[in-house]
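Chain nomenclature is as follows: A, B and C, assigned in order of appearance, with residue numbering initiated at 1 for each chain independently.
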Amino acid sequence: MRIHSEYMTVQTDHKRKFLNITPNVNAAVEKSGIRDGLVLVFPLHSNATLFVNDEESGLLQDISEWADRLAPLGPNYHHSPRSESNAGAHLQSLLLNGQACLSLANGKLELGPWQQVIYAELDGQRPKRILIKILGE
Amino acid sequence: MRIHSEYMTVQTDHKRKFLNITPNVNAAVEKSGIRDGLVLVFPLHSNATLFVNDEESGLLQDISEWADRLAPLGPNYHHSPRSESNAGAHLQSLLLNGQACLSLANGKLELGPWQQVIYAELDGQRPKRILIKILGE
Amino acid sequence: MRIHSEYMTVQTDHKRKFLNITPNVNAAVEKSGIRDGLVLVFPLHSNATLFVNDEESGLLQDISEWADRLAPLGPNYHHSPRSESNAGAHLQSLLLNGQACLSLANGKLELGPWQQVIYAELDGQRPKRILIKILGE
């Protein structure tokens, strides 16, 4: 069994930004030399999230507006007076999955034809870390 | 370490259909010969989803109606004019988890007494692929 | 490869209760002797859920109220007449993720500075089992 861990740090210009990090995951896979196994992609912050979906700018805008509709940002939360973080971002991180476990085969991520690994920054403008963990052989 | 991959293809008669694929996952486990480890069940499309829950027809109808209420289907999305796919189905795929990582012990999936692995087709009537990946020993 | 399984049983005093089970997961990791790998935390019931987020009492109250707003408890479900379980709890289990796959490195869970593993009991006052599965070396 071989195990490889990679940590990437992102800092977005805006509070809200969706990043396609599939190339970063592919680079970590290539660096690991592991050809077959599982890949965990895990944001080390709960005011960000991670999901697999199609990367189409209209769809990503739909996802962003939908998250704001179901879990509005703003001060009307119990969490807010005690913390600088936005409770809405934490709720949205739960709504939009939060992590992904992927399959690796023949040295490549097994994703559907349109699927991409999307990191959704929900409370950005500061450094955030994402863990990519590869386990296999 | 042993690794086994299985791909199943489904094509539903209706756009929306929930399928209990636990028997398929069990068959893949048996075929693999792996007795202990992890099982990833991952739809290779983001207008479908995968979750673990009880299989009771009333409950599955509740889940379906709830998804339609929180993420309505229809044309009122940025994604729609550019694509044949339904943005609502993509939002519902995020709402309803999207994938499952399961435990395998003594040659059997470790699920609770009522839990089943449910594939939710959200934009069907065409072939869709599901990956079952087993890693263990 | 080494594999370790641990089962914990909880019974909450109230129907709804959020428990930080990070210490339990850490104890299972320590007992396993596994230093590097993946950890699956999986409730063996679908009227409970499991997520990673910050443990701040105001935020957990926000999450609880948000789940009640998006997936109300009560009798207005198809599931209800046929079962003692509350369909709302099942919908909330889907909303709030349902399971977590974590990374283990150097004998420690890799969580962000504020992240904790939260078991959310949504239909409690009876024994519930949670599986902690560790695979690595």
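Keep in mind that, in the parts below, a contact is a pair of C-beta atoms (placed from the backbone, for glycine too) under 8 Å apart; a residue touches a chain by one contact, two chains touch by 3 or more.
Quantities reported herein were computed from a predicted structural model and do not represent experimental measurements.
Comparing the contact residues of chain A and chain B by number shows a mostly separate set, under half of all numbers used being common to the two copies. When chain B is fitted to chain C on its Cα atoms, the angle of the rotation, on a 0 to 180 scale and to the nearest 5, is 120 degrees. A straight line joining the Cα centres of chain A and chain B is 20 Å long. Each of residues 1, 38, 70, 95, 97, 101, 135 in chain A touches at least two other chains.
Considering their complex, residues 1, 3, 5, 38, 40, 42-46, 70-71, 77-83, 85, 87, 90-91, 93-95, 97-99, 101, 129, 131, 133, 135 of chain B touch chain A.
The touching residues of chain B, counted against chain C in their complex, run 1, 36-38, 51-54, 56-59, 61-63, 66, 70, 95-97, 100-103, 105, 110-115, 135-137.
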